[in-house]
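My questions will all concern the structure given below.
In this document, chain identifiers A, B, C and D correspond to the written order of the chains, with residue numbering beginning at 1 in each.
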Amino acid sequence: MKKSHRLLGLFSNFEEATKAIYDIRANKVSGVSVKDVTLISPIEHPEVEEALGDRGVHVQFFTLFGGLFGLIGSWVWISAAQATFLVQPQGGKPVVTLVTNFVLNYEMMILGGVLFTLIGLLVGARLPSRPGTLYSEKISLDQIGILLEVNEPNLAPLKSLFHQHNVVEIREEIIR
Amino acid sequence: MSSLQNLIDNWSQYRKGIEQGGFHHYEHRWGMAIDLNACIGCNACSTACYAENNLAVVGPERFAQGHFMHWLRVERYWDQPDKEFPEQGASFLPMMCQQCGAAPCEPVCPVVATYHTPDGLNAQVYNRCIGSRYCNNNCPYRVRYFNFWSYYETSWPEPLNMQLNPDLTVRDKGVMEKCTFCVQRIRTAKDKAKMENRKVKDGEFTTACAQACPTNAIHFGDLMDPESQVTKLWATHQVSRVDEQGRPRHEQDKKNPDLRGYRVLEELNTDPSVMYLERVRETLA
Amino acid sequence: MKDIAIHSQEKDIREDLPWKQINTDILRSLDNPRRGYWYSIIVCLVLLAIGFTAEVIQYQTGMGMSKNHPHMWNLYIATFIFWIGMSHSGTLLSAILHIVHADWRKPIYRFAEAMTTFSLMTALLFPVIHLGRLWNFYWVVPYIPSRGTWPNFRSPLSWDGFAIMTYLTSSALFLYIGMLPDLAIARDNTTGWRKQLYSTLSLGWCGNDRQWRVFRKAYMLMAIFLIPLAVSVHSIVSSDFAMSINPGWHVTTFPPYFVAGALYSGCAAIITLFILLRYYFRWEEYMTLPILEKICKLTFAIAMMWTYLNLVEFASVWYGHDVYGKEVLWGKMTGAYAPAFWSMMFFGSVLPFALAFRSLRRHIPTMMAVSILLNVGMWLERWMIVSPTLSQSFYPWSWDVMWPTLTSWAIVLGSFGWFGLLFLVFVKIFPSVSMYEVKEMVYHRKLATEKAAARVGGAAPAYGAHMKKEDAV
Amino acid sequence: MSGNELNRRGFLKLMGWSAAGAGLAGCDLPSTVTLEQGKETVLSYLSPEEYVIPGIGVWYASTCMQCAAFCGIHGRVREGHALKLEGNPDSPLNRGKLCQMGQAGIQGHYNPDRITQPLLRKDGKLTPIGWDEAWSLIGQKISNAPGERFAWVTGTVSGHQAVLLAAHTEAMGSKNHFAVEVIGPHVGRAVNQDMLGEAMPRLVLDKAKLILSLGADFLGTWVSPTHFATEYAKFRSGSRGMLVQVEPKMTLTGGNADMWVPIRPGTEGVLALAIANVLMKGGAKVPEAAIAAVSAYEPAKAAEVTGVSAERIEKIAALLKEHSPSLVLAGAPVEGHAHGYQAAAAVQLLNIMLGNVGQTIVSAGGFPFPQLAAKSGSTRDLIAFADAAKNQKLDVAFFYGANPVYSAPHFLALPEALQKIPFKVAFAQFPDETAEAADLVIPLASYLEDWGTHVAAYQPEEAGITVQQPLMERMYNDTIGFGDALLKLLKLGKSEQYAAWEDYYAYLRNAVATLPAEYKAGAANDNAFWDQTLQKGVLKVAAAAQELKPQVPEIKLPDVQPNEGYPLYLVPSTQLGLWDGRHANLPWLQEAPDQISKVVWDSWAEIHPATAAKLGIKEDDIIEIASEQGSIKVKAYLFKGVHQDVVAVPMGQGHEAYGRYAKNRGVNVLKILDPVIDAKTRELALYGTRVKLANTGKNEPLVIEGRGNNSQRGRKLVVTISADQFRKTEGA
């Protein structure tokens, strides 16, 4: 069922922000679950993210695929190319020179891996996107934001929860 | 897809290296035998090569830089450094592209401008050459020559250019070139043989150098033709490119070590198509 | 004694560095560097102009301008290897240090990676410049052929093509991705066209937990890929030589030897640029002496590794009964190239001992000089790999000593101009110190010290020490 | 362009004739060319000749004129261009082979510096004029010149040119025909004539078991190099003859010797006598006349004089004794001294003592057409001409095929002498020094554009007349063949009997047609015979075999006088390439490394390292070589292949004219020769010059091929085995 409001609390104290999330997790506010929480932070923040609980990442599968694709694809491509481009076996070497081809396959594996990792990143992180209207420069400076989508009734209790954890600023908007 | 099919079909063939006799089935295998007992170092061969193959005359300044173009050079060594006089004369060695069976120059070319022809020659494709010069670096005999300049601008002032052999090109700057065993003569002979539908006969043509050589030191012919003079010479001196299994043969395999046949820098396993016969000198007090 | 005591507690970076200041300090590099910066730009432009002119002349008249038989390769290829080498530290070190969580990397890895990318772009020029018919260089690229002609996949030169393109792509991506959060910061703190630029480049990064999580993983994966890649790239470059049959080139130790050399010159270059940036942008706060010391120590270690591999190479030639190889080695040591060879040995193996002395390590001007000399030595090394072998290969008749011509020197100089220009423009447009990671560094170190303090009974402050009171409104 | 069109047509017409005479000796694809087609009469050129097929090379036989050996050649012609010269297999001289000078002949033909029109000296400058003017001028000049004040100065001439030339000289009422040739066995011919009764007996190299050559560079520059090279191959195969070379400077032949012995110049005769002495002790019979001379030279004494150790001398004698028949040759170093004749005689004596005469030296037989035989050039004629000019004995001089101004040493003061000849005409192909000095220059066709017949001075087993036919249409319409020029001159001279022939071609056809029947075996008619002759390129003539009757003159050798002021001997060495300088304008030969020193595009002075060390000379130092006659500055080349008392400088460079490739390059060593002349033959003693060296302190690197290394550095490049092993495995 669709939420009506989007709420962003800015904290400059990381411990407090973490506590706030733990409170949400503990259902201090009815109807607001930790799953709705989006943490926005200026730096990588493993210890705060712990509070959000386990959220999966799937980049590595892209990488794996990319690597394999590069490896096998290039092997087929190069060998087939050699087989069709029949200048004679040079220097007494075979037409299809596996040993040397492997060098190239190795490179192509890495290239594939890297490129697909990039794709994985873009897909997984939903990039490119827009920061959103609630986004504040302060976040890229030194404040942590907690973003939630809630319904009218849960708004007030949530704010008060934020205030308990001395929030610096609260921004909100109505989703339509 | 078709190429993939091709790959699968001929897999075993395409995996044959020279050790397994190679993928290629030769039509001819042009080769030479050069008798250093007969060679007098007179340089006729080299000049004949200039005349036949449109070799550029570079002039003293560029010659000094090493930018000369003689595909066939007659080297002259002094072998008695300790003696007060060179009492046994000089050692002359006509050195041209050895048309190696396992040529180090071939695999290193990034664009396959140098490759192995069905005649067993190392062909140099001027049009394809981009001048990376890797081939020359990898040639142990240093018999490849690079066009450092646009020689045609200076080497054949009118009307000298009228002498240029129309059967082959004049090379421009930036490409590698080398002895071709007078491939244009080979072509003509093969075409002629084809017209008269027969095989090319031994001695019906020869390279410019061999033709000029006053002492017949240079013999040219088809090593695939059992009747050819060259084949016989190779056989007599127990030098051969490959053994029964088609694997490269080495000098060590000579049964009679007294025989004069050898190939220069053979230990590098380049399998040259040119056999030299050792120089001979009296042993005098 | 006393000062040592002080030094011993000296930190890599001030831990009470306010985050706001970090932003402003770093972002300052985008608008007002010292005058020295502009002088450097001019120098680079001049060099580039010289090199370009030389190249035009060479293009018109032919390779005779720069080479002679039997020296089919010389300065260009040597310089090519040199630049490839330069490219090696940046990304490779940054990747390794990232994996092992060595956080002192954070203030310096960005420009190091930039260095990688640009020196690669410089290196790429040389194989092309050195072609006899460079207007056909694209024939090496395996584009779908119209006449069934492919490049020669057997040729180490075409491996170079593959390897370098891969490396360039990957390290450029690594650099870019690592920069995303900073681009976002830049976006939030600029106006006008710059804001446009940064918001496009930052792909609308907002730093939510999903982005950070994926980012962390992807970045790590790339780092993992980059390490073998970097190693493979220089091994492949080394195979241009190792795969040939020439005495002095056909050496099994070449791949590791090249890699070591690469790391070496790379680290030296990092020191140079470190000092330059520190000066250009007044970044004493970030590019601190302790970090410089760390790089110096690393460089020293690698220098010793390089020296060792050198000795191994000589030894293996010495013990093997390879006449040709021995002759080349002996020629190097005693022949026409001896001066170059011995100064390479000096700069490469003796000079680095300067890095072993603390007082020298901390003396900026000395380090500047040393780092540059080290790279001179490494350049000589490359030259000593290429030329002596060619001058004394298998065939005595074609032995010849070759000295580079003015043209080739000019083009080599030009390449330095080109690299310098690219790098300087980069540091002016992009934050060349990673702001977000410096923040992390400061933050985590702070926490660490607090923990330590707490253990000895100090009271932890009420709120995040990373911010001054007045910032909290 | 249209002009060229006409040339092409003209060319086809010409070829029409010669192919109507089927002058072609073969072609790339003979299936497209048959004699039948050739036999047809000339066609209208609206329909081109069928045998001129674009892209198909056709071979025509002709004669090489690069030196006086007159080898037979085949020229490849395609689309009307001569492209490549090869040896003519039918020629008994070179048997299908061709030396590098022959190969380079084509560059003389296409040379960018050829003279393309008549030139007249107007106020000091040679300026183009028309033919009519030229001929009328010649006509008037020679008509009012008294016969004996007219002279021809030529190189070696033979065949029908020689006939016409003689005719013209005679018609002029003159006896002055100076044939100038620097390189050649001038003295040797005289010696042979006196001792064997034949100037040019035939040498049977392959029959000899040992060749002792005293400076005779028979592989390089002696008599008929290509011929001897082919013979040498036989000599070295099978049981493999031994080659011992004794000379002051290593020649190409020396480079191939089994034993190379350096000797003090001018003492070769002594060596010969010493060897004879040893042989005599060994019981060999010595002709009366020589006994005194022979017994005068004990090996020990000879050793002092020659610098060749007594052991060596005895060794050589022993070898000669073991290996019979042998062959002893005397080359330029032997002849080139005031006592050259005596020395050469001493050498010939050895042959007589060893019984080689009749074995390895046999009669060439009398040539059936003496009027065609070669008039071999000599340096005596050069001197004679210089004197004649100096003493104002000449009003008109015609030059052809010789370059006396370049060849004449300073002491002959030829340039000044020439000033005293009022009217000098050069029949020349190139603006060489002599042409530059002439008042009128008649532009000649190249030998590949001209008709002619030639008879080599040295005739091999089957004597023959080699025929020269044009390989292609003239490059320049305003050039004239030498034969045509001679005819024209004769006609100017109102010699009626020549009016019959419109051109030299017609004259030649007639001459060949009028040959005695026995030569025309197998030919249906004169035309057919003409066809055969052109096709073969050589006309075999049976030479009446004779017996050589050796006789020995009295031999007296002077003692060598040391010369304090000028301690060293100058050896003006010769080279298969630039020859006496006539080929310096051929780029291929300039760029072809000297066989021994591998220097290109330059002159150099070969000095023994020991001597150089004494004089403080290093390689590439520019040194001054001074004789009493003058000095030259030349780069030093340290070389162990010269005697310590010798400095050797090759002939050929140092031209002051002669086109872009030759001009101002190197030095002309001939200029500083001392006025030493062989007492008996009046030949210039080329090797008799004494010099001193001074280091100028400057140096400049010589351009040397393979400067990198002269040693094999332990690589297995050229392997040498012993002759015994060779005989064991391959000996016949």
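Things to note:
Here, a residue touches a chain if its C-beta (ideal position, glycine included) is under 8 Å from a C-beta of that chain, and two chains touch if they have at least 3 such contacts.
A quick note: this is a predicted structure, and the numbers were derived from the prediction, not measured.
Central chain assignment: B. Criterion: smallest distance from chain C-alpha mean to the mean of all protein C-alpha atoms.
Chain B and chain D have Cα centroids separated by 33 Å. Measuring from the averaged C-alpha position of chain C to that of chain D gives a distance of 69 Å.
Between chain A and chain C the centroid-to-centroid distance comes to 30 Å (mean Cα coordinates, whole Å).
Between chain B and chain C the centroid-to-centroid distance comes to 45 Å (mean Cα coordinates, whole Å). Those residues of chain C in touch with two or more other chains are numbered 149-150, 152, 154, 394-395, 397-398, 400. Chain contacts: chain D has residues 706, 711-712, 715, 717 touching two or more partner chains. In chain B, the residues that touch at least two other chains are 68, 73, 75, 77, 104, 107, 109, 112, 265. Taken together, the touching pairs give a contact graph of some other shape, not a line, ring, star or complete one.
Interface note: chains touch in the pairs A-B, A-C, B-C, B-D, C-D. Of all the residues in chain B, the ones that touch chain D in their complex are 36-38, 40-44, 46-48, 50-52, 57-60, 63-64, 68, 70, 73-79, 81, 83-93, 155, 157-160, 162-166, 188, 191-192, 195-196, 208, 211-217, 256, 258-260, 262, 264-267, 276, 278-285. Interface residues of chain C, counted against chain A in their complex, comprise 19-20, 23, 142, 145, 148-150, 152-154, 159, 162-163, 165-166, 169-170, 173, 177, 181, 184-185, 187-189, 203-218, 221-222, 225, 228-229, 232, 236, 239, 436-437, 439-440, 443, 463-464, 466-467, 471-473. Within the complex formed with chain C, the residues of chain B that make contact are 62, 65-68, 73, 75, 77, 95, 104, 107-112, 128-134, 136-138, 140-142, 145-150, 173-176, 265, 268.
For chain D in complex with chain C, the touching residues are 706-709, 711-715, 717. Residues 76, 79-85, 87-96, 98 of chain A are the ones that touch chain B when the two sit in their complex.
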